[in-house]
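Below is a structure I'd like to ask you about.
Per-chain residue numbering starts at 1, and chain names A, B, C, D and E are given in the order in which the chains are listed.
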Amino acid sequence: MKRQQIINGVIALVIGVLIFVTPFIFIGLTAVKSAAEASQLGLSWPSEWLFWDNLVAVIQARNYMLLLAYFNSTVITVGAISLLVISAAMIGYVIQRRPSKWNGFIYALILAGLMIPPAVVPTIWLIKELHLFKTLHGMILIQVAYGLSFSVLLFRSFIASIPRDLDEAAIIDGAKPWQVFFKVILPLLKPVTVTVILVQSVTIFNDFTNPLYYLPGKDNVTVQLTLYNFQSQFSSQMNLLFMNILLVTIPPLIMFIFFNKQIVKGMTAGAVKG
Amino acid sequence: MKSSRSYPYWFILPGGLVYLVLFLVPTVAAFWFSLTHWDLFETRFIGLENYYQFLREPFLITGVVNTVIFGVLTSIAKSVLGLLLAVLLTSGLLGQSFLRTLIFFPVLVSTIGVGIAFAEIMHPARGMLNIGLSYFGIQGPAWLIDPNLALFSVALVDIWKGVGLATLIYIAGLATISSDYYEAARIDGATKLQMFFRITVPLVRPATVTVVTLSLIGGLRSFDIIWAMTKGGPGFSSDVLASVIYKQYQAGFYGLSTAGNIILFALVAFIVIPLTYWFNRREVDL
Amino acid sequence: MATVRLKNIHKEFNGVKILKGIDLDVNDGEFCVFVGPSGCGKSTLLRIISGLEDATSGTIEIGGKDVTKSDPIDRGIAMVFQSYALYPHLTVRDNIGFGLSLAKRPKNEIRERVDAAAKMLQLESLLDRKPKDLSGGQRQRVAIGRAIVREPEVFLFDEPLSNLDAALRSKMRIELTELHATLNATMIYVTHDQIEAMTMADKIVVLNAGHIEQVGTPMELYHHPQTPFVAGFIGSPKMNLFEGAIAKEHNADLYGIRPEHLTLSPKEGKWKGVVKHIEQLGADAIVHIHVESLGMLVARADGEFSITAGSTIYATPQEGKEHLF
Amino acid sequence: TELSILVDNSPDTVALTQALTSAYSKLNPDITFEIELRPGGGEGDNIVKTRLATGEMADVFLYNSGSLLQALRPSRTLEPINDLANFSNILSSFTSTVSDDKGNVYAVPIQTAMGGGIFYNKRVYEELGLKVPKTWQEFMENCAIIAEKSKSAPIAQTYRDTWTSQLLVLSDFFNVQAEKPNFATDYTNNKANFATTPAALRGFEKLQQVSEAGYFNDYYGAATYNDGLNMVATGKAAHYPMLTFAIPSIKLNTPDYIEDVGFFAQPGDDADKNGLTVWMPAGYYIPKESDQKEEAKAFLNYIATVDACDAITKAIGANGPYLIKGCTLPDNVYPAVKDMLPYFQEEGRTAPALEFLSPIKGPMLEQLTVEVGSGIRNAQSAAELYDQDVAKQARQLNLPNW
Amino acid sequence: MATVRLKNIHKEFNGVKILKGIDLDVNDGEFCVFVGPSGCGKSTLLRIISGLEDATSGTIEIGGKDVTKSDPIDRGIAMVFQSYALYPHLTVRDNIGFGLSLAKRPKNEIRERVDAAAKMLQLESLLDRKPKDLSGGQRQRVAIGRAIVREPEVFLFDEPLSNLDAALRSKMRIELTELHATLNATMIYVTHDQIEAMTMADKIVVLNAGHIEQVGTPMELYHHPQTPFVAGFIGSPKMNLFEGAIAKEHNADLYGIRPEHLTLSPKEGKWKGVVKHIEQLGADAIVHIHVESLGMLVARADGEFSITAGSTIYATPQEGKEHLF
C-alpha cells in the first residue's frame, strides 16, 4: 500500500511536470532554431543550436530596443506596483472593516473595474488634457487605475482573516488610523501583498495593449512591444520571437522565485485566544 | 467600534481618485458613444440602434452560450485545481518551491507564445498531445479543428495558463489559516479528507471568493487566448461575446463594439453580482 | 485627574440587551474591580470605557470630560485584552514597546522601560521571541507588559492573571498594587479570582446580567451583601442560602450562612446531618453535609479536621453571622 | 530635424522602411528618422485610427490603399500630396486607390503591385507533365491527376491563419469582373450581391468544390501560412492560393526551393478571359496635423523616384512591378515573379481586387471561407451570410442606398 | 484500558530544551493534574501526549500500546486547548458537535449529546452564535464542550476553567468530577488553581523547568513536599521558607512553615514582629509580618482577626508542622 502510494505520487508528479514543462521545451527549442527550421514549428530537435546568435539578434534588434524596453517596463512596473499595493490595501481595509450602506456601492464600482473594458479613446483625450500622455508617470497611473480592482478585491477578502482585536490593541496603544494600517495590518497581509505584487507586476510588465495606446514613441517602448519586432500578421520569425518571449519572461520569473518564498504560513498565529 | 475614525474614508482617496479620473470618467464617456455611430472621427447620435444591431448579430446566440460555458468551466476548473494544487504545494512536498514556479510559469508567458505553442501541441497529427495519447492507444481528437471541440480545447489551455494564478492566491489563503484549527481538528478525529472539506475549504473562503470572482469575470470576458488560438473559429464555433466585439472593433465599428461591451458587461454583472452578494453575506469575520 | 464616570450606559448587540443601564463612579486613583458571572458584560463594559465599543446610549466621562464620542487614543487609557491580542509579527520586546514607539519616545527610553516591565513580568529571556513561540501564561504577561509600560491615567485590565500560576499570580498582585500606588493611576480590573478582588480592590462592582448588583469595598460586600446574588457570588465556597422554614423563622424570604461561619462538632449542635463528601485543600477542608431539614449544607473546616464521609455531624451557625433577605 | 514614421511590423516593411530612410538621410544629412512599429491587421488599423483621431499621429505613416483608407476620413485627417514634384511619377492605377472623391491623392506607394492567384510547384508539374491551367476545368483536371499520381496534396489550405482561406474567393475577382463589368459599382450601390450573382458566387463555389473533392492537404485546419508556403515550395502540395507578397517569405523559409515555385492567376471558366486579380501595395501617408509637413512631403517626394525603387529592390528584392514610372526590375527575379509579369504587360489581363473598387468589405469573410473550406457550410449559405455582413459594414460607413 | 505511560520524554524547540526527561505513569481512570509555573512545559507535555507535537526523544504508551508515532486520531483522546482554538466558521452547536459529525454519528444523537453538554455548560442560549460573538468564558466553555461530547478514553484539559467565575468554576469542578466518575476515563488536567488541583486530583504532578519535581496525591504534596520548590508551590499563600539561623537550629538548609500553621497573638509567641500589611479576604485574612530575625513572614488568620498595620504581633509555629530541607 505504502509503496503503491509512492509510485502513484511519482507518476502524478511526472505527469504534472510533463503537462507544465513540455510547452516550454517547445518554446525553448524553437528559440534556438534557425529561422527556416523554426518556421516549420514542431518539436523536432534543432539541427543547429543558434542560442547565442538568436540571443544577440534579439537584443540587438532595432538598436538595442529590448534593453530600453526592460528599463521602461521596470520603471512602470515598480512605480505602479508600489502605488497599487498601498492604495489597494488601504481601500480593501476600509471597506472590509467599516460596514456601511456605502459599501455595496463602492464594491460594485470596484467590480465594474473588472467587468468593463477600459475606454481607450476618451482616456487618451483625458490624459492629454492632464499632460500625462506619453509619459511614464501617466502610464504608471493608468496601470494603477486598471489594476486597482483586482488588488482591492484580493486585499479586501484577506483582511477578513486578520482578527479585529489587533486593530483594537493598536488603537488602545495610541496608534492613529494610518499607523494601525501600516504598522499592524500591512505587515500581516504579507502573503496577499506578495500575491498582488507577483500577479500585478506580471500583468503590468507584460502589458501590451495599454502602452501601445497610451505610451507611443520610440523612447517609450515596453517589453511586450519588442515582440512586434519578430511577429507580424503575414510572416513571423518564430525563432527570434520565441527567444524574445523567453527573454521578457525572465525578469518576472526571477521576481516569482524571490517572492514565492515570502509567502509565509501562519502569520497571525499566537495573536489571540479564542 | 468607532469605525468612522478608526477606518477613515480618506484611505480610499488616493487610489479612488486615480480610479475615478482614469477609469470611471472615460467609462462613462464611453457609454455615450454606444448610442452613436462612431468612427473615431465623428459621432452621430443614433439612439439604441447599436444595441439593436448587436443583438441581431448572426452568431450572437452561439457567442453567448460559448461565453457562459467558457467562463463557468474555466473558473470552476481553476478554483478546484488551484485549491488542490495549493494544498499539495504547501504540504512540504519535495521540490515544492520548484513546482510552484513551474505552475506559475505559464502565467508569466505571453499569450501569443502560449497560443502558438499550444496550437502546435494540439496539432492533430504532429502535436505532442496526440502523439502522447497514442502511446496509450488513444486516438486523440482534432483539438482545435473540430468545431465541437475547439472551445473546450481553448478552455483547457486557458485553465493551464491560469491555474498558477489561482494556486498562488490559494497558497496565500492557506497561509492565513492558523494551524490551531488543524490541531483542533486532528484531536477531533478528522481524517485528511475531512480536514480538507471541513476546515480548509471553509476557512480558505476569502481566497475562494477572490479566485472564483476573478476567474469568472476573467473567463466571461476572456478573449486574448481565444484570439491567439482559434480567432473564434473554426468558422464561428469558438466565438465568445468578447471576440465578437473585438471583431467589430477591428472592423472599425466603434459605436457598435462599445454597445457590445456594455451588453457583455450586463451579462457579466448579471452572473457575478448575485454571486458576490451571496459570497459576502456568508463571510466569516475573526 | 482621572475619574471615570458612567451614566446610564446601555448596550445592545443585534437587539440583545447586554448592558441595561450602568451608572458608576470610579474615583481618581481608585482600584476598581468588576466581578460577575461569565457573560454578564464585564468585558463589554471595559470596551465601552476604552472607546473600542460605542454604547447604545449613555455617557462616559473620564477626568471630568465627556468622552462618549472620543477616540480611544484621546481617553488616556491602556488596556489588557482578555484575548491578549498580541501583534504576531512583532517580538515580545516590540509588542511591549509598541505604544511607546508610536508616541515617538527616544529609543533608549523605550528600551529601559521595556526591560523594566519585562523584569517585573519575568519575561527577560523571551524578549526576542514572537508570540507564537510563547506559552499561554507568557503571552498573557506580554499583554500586561504592553499596558503597563505606557503609564496612562486609566488602566483597564481584563482578567490579566487568569493564566498564571499561584506563585506568579500573588507576585503580580503585589506588583500591580505597587504600580497602582506609584503611578496613582485609576485602575479598572476584571477578575474571576476572589482573592484578587478582595485584596486589590478599593471598590468592587458586582455585575450580573447587564446591571450592577452592588458596589462597595470588599468587606462591605463580604459582610453586607445587599442581594442574594451578591451574597452567593462573593466568598468561596459560596454562602449557603435557604428558603423555607428557616427563613420564615427569621421573618425573611431567604436565610444565608457562610461555610466559614458554621461550627462543626461530631457531638452536638443546631443542625444534625450526614457528611456526604469532603474536599481536602490542605489548609482547610470543605465539608458537604446533608441536613434533613435544609438540604445540602457546605461548611468550611480546619485542614486538620478529620472525619469520614458517611458519619454524622452537627453544624451550628455562628451567632450574628446569618444574612437575611 | 527628426521625422517619426509609423509602420507595421512585418519584416519586409521594416526592412524597406529602414532602407528608404537611411538612403534619404544620406542625401539629406539634416533629416533623421524615428521608426515606430505597430502590429498589422485590424489591431494596427485601430492604432492608426486612434492616433489620428487623438491627434497623435507620427509625421509619416504606412497604411493600406483601397477600401480601408476611407475609414480614416482622408479628406479630414490627411494631407494631399498632389503637389509633390514627382507626383506625376506615380502610376494612376495606384493613385486611384488612395484618393478621395475630390481627386486629392494621399499616398506614395512603397513596394510593388501584387497578384492574387495560385502558387504551384514546378517540379510536380514537370514530373506529371502538367500544363499551367487556363480554365477552372483544367485546374481541376490537374488536381485530379496530382491526387491520383503523386504523393503531393493537390491544394494547400492553411486555416490556422484564417486570412489565407479567403484567397480563392478574392482572387476570383478578375473573373467576376470579366463577366460582370459593373459588379463593383452595383455592389457598392446595393444593387448586386454575392448570393444572387452567379459570377460572384463562383468564388465560393470553387472553394466548396475543391474542398468536397478532398484535394486539401491533411490537417489543413491546423496548418499555418508558413506551412502552406513550405508545402508548395517543397512539393508536398502542388498548389497554394496566395498573394505574391509571400515570395520573400518563401525565400526566407526555404531558400533552396525558391526556384521551384511558380505562379498563375486563378483561372476562370473561359480560357479567353484569363487574367490576374491585382492588389495595390500600402503607401506612406502624412497626417494633416503634422507640424513637419514640409519635411515629410520632401521625403515622400523622394519615394516617388527610381532611386527609391532601387533601394527597395536592394533591401527586399523585387517581387512585382513597381508603381513608379521608370522603375525597372532586375533580370534575375524569381520564377514566380517572372510568371506574374506577363499579366501586367498585356492590356486587359489584370483587374484590381474588389476592395480597391468598393469601400465595403465584410469583416466576416475569412470565417465564412474557413467554414466553406472545412465543409461546415455550403457556398450559397456562406455567400448569403457574407451579404448580410457587407450590409452591416455599409451601414456603418453610412453609404447611400443601404 | 487507558493508562498513559511516558518514558523519558525530551523536547527541544530550536535547540532550547523545554522538557528534560519526563517519566510518568497515569493509571487507567485516574485524574492526574499537572501544575507548575508558567512556561514550565505543561502545555507542551499535553501536546506531546495528544500527538500534536512530536517528542524529540522518548516514548508514549496509551492503553499499553506504543503510540509515539501515531496520529492523534488513533490515540483515543480529546483535548481542551489553552487557546481554545474554536472553529470560527462554525456555530457553537457545530463546534461542539464537530467531532461527532466527523465520526458520522446520526444527526439526532449528535443533537442530543450537544444539547446535554450545552446544558451542563450553561450554553443553551448561545448554540447558534459564532465564536466571535461570545465572551471569554463562554468561549472557554465551548472548548470544554467540544472535548467532553466525544467521550474518549483519555481527556486532556489545558487550564479549562481559567476564565470562569468562582461559582461556575465550582459547578464545573463538580461536573467534571462526575463526568470522570461516569465515563471512568483517564483525565490529565493542567491548572493553576490550587483548589482545582487539590480537590479534583487523584494524583498531582509538579513540573518545574521541564522536569518533574514530585508526583503524589494532593495531601502527600501538601504535607510532605520533597523539595523546597514543591513546598513553595503547593499551598496558597505559599509556605514561608527561611535559610539561616532558624534552619541551622533544626539542622537543615531550609526551614519552612505554612502561613496557616502560624498561631498569631497580640501578646506572646515565639517570634515578635510588626504587622506590615493585612489582606482581608472575608473568611480569612493574610497578615504580612516583619520579624527581625527572619524577614517577612506571612500568616493566615481568621477573617475576624482585627489588627491594624504597624502594631506589634507575635507568631508561633504549630508544633510538628515545620518542613525541613
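Heads up, the rule we're going with is that contacts are C-beta pairs under 8 Å (C-beta built on N, C-alpha and C of every residue); 3 or more make two chains touch, one makes a residue touch a chain.
All figures in this text were calculated on a predicted structure; none of them were measured in a lab.
Chemist: Going by the contact rule set out at the top, which chains touch both subunit A and subunit D?
Modeler: Touching subunit A as well as subunit D, we find B.
Chemist: Hide subunit D: connected chain groups?
Modeler: Ignoring subunit D, everything left is still one piece.
Chemist: Across all chain pairs, which one has the most C-beta contacts?
Modeler: A-B
Chemist: Which integer distance in Å separates the CA centroid of subunit D from that of subunit E?
Modeler: 92
Chemist: Counting only Cα atoms for the centres, state how far subunit B is from subunit D in Å.
Modeler: Distance between chain centres, rounded to whole Å: 38 Å.
Chemist: Could you work out how far the Cα centre of subunit A sits from that of subunit E, in whole Å?
Modeler: The computed centroid separation for subunit A versus subunit E comes out at 54 Å.
Chemist: Going by the touch rule set out above, which residues of subunit B reach two or more other chains?
Modeler: Within subunit B, residues 1, 5-6, 40, 178, 180, 284-286 contact more than one other chain.
Chemist: On subunit C, where are the residues touching two or more other chains?
Modeler: Counting only residues that touch two or more other chains, subunit C contributes 52, 71-72, 82-83, 133-134, 136.
Chemist: Check each residue of subunit A and list the ones that touch at least two other chains.
Modeler: Touching at least two other chains: 41, 121, 163, 168, 171, 231, 238, 266-269, 272-274.
Chemist: Sort out for me which residues of subunit D touch subunit A in the complex.
Modeler: Against subunit A, subunit D makes touches at 4, 8-12, 14, 34-41, 44, 47, 50-51, 53-54, 56, 163, 224-227, 230, 245-246, 248-249, 252-255.
Chemist: Taking the complex as given, what residues does subunit A use to touch subunit D?
Modeler: Checking each residue of subunit A against subunit D gives 35-36, 39-41, 62, 120-121, 124-125, 128, 133-134, 212-213, 216-218, 225, 228-229, 231-238.
Chemist: Please give the residue numbers of subunit E that touch subunit C in the complex, ascending.
Modeler: Residue list for subunit E touching subunit C: 13, 35-39, 42-44, 82-83, 133-138, 141, 158-159, 162-170, 192-195, 198-199, 218-219, 222-223, 232-238, 258-260, 279-284, 286, 300, 303.
Chemist: Would you mind writing out the residues of subunit B in touch with subunit D in their complex?
Modeler: 37, 39-42, 44, 53, 58, 119, 122-125, 127, 142, 144-145, 147, 231-237, 247-253, 256
Chemist: Mind listing the subunit E positions that touch subunit B in their complex?
Modeler: 50-52, 71-73, 77-79, 81, 83, 85-89, 98-99, 102-103, 130, 132, 146, 150
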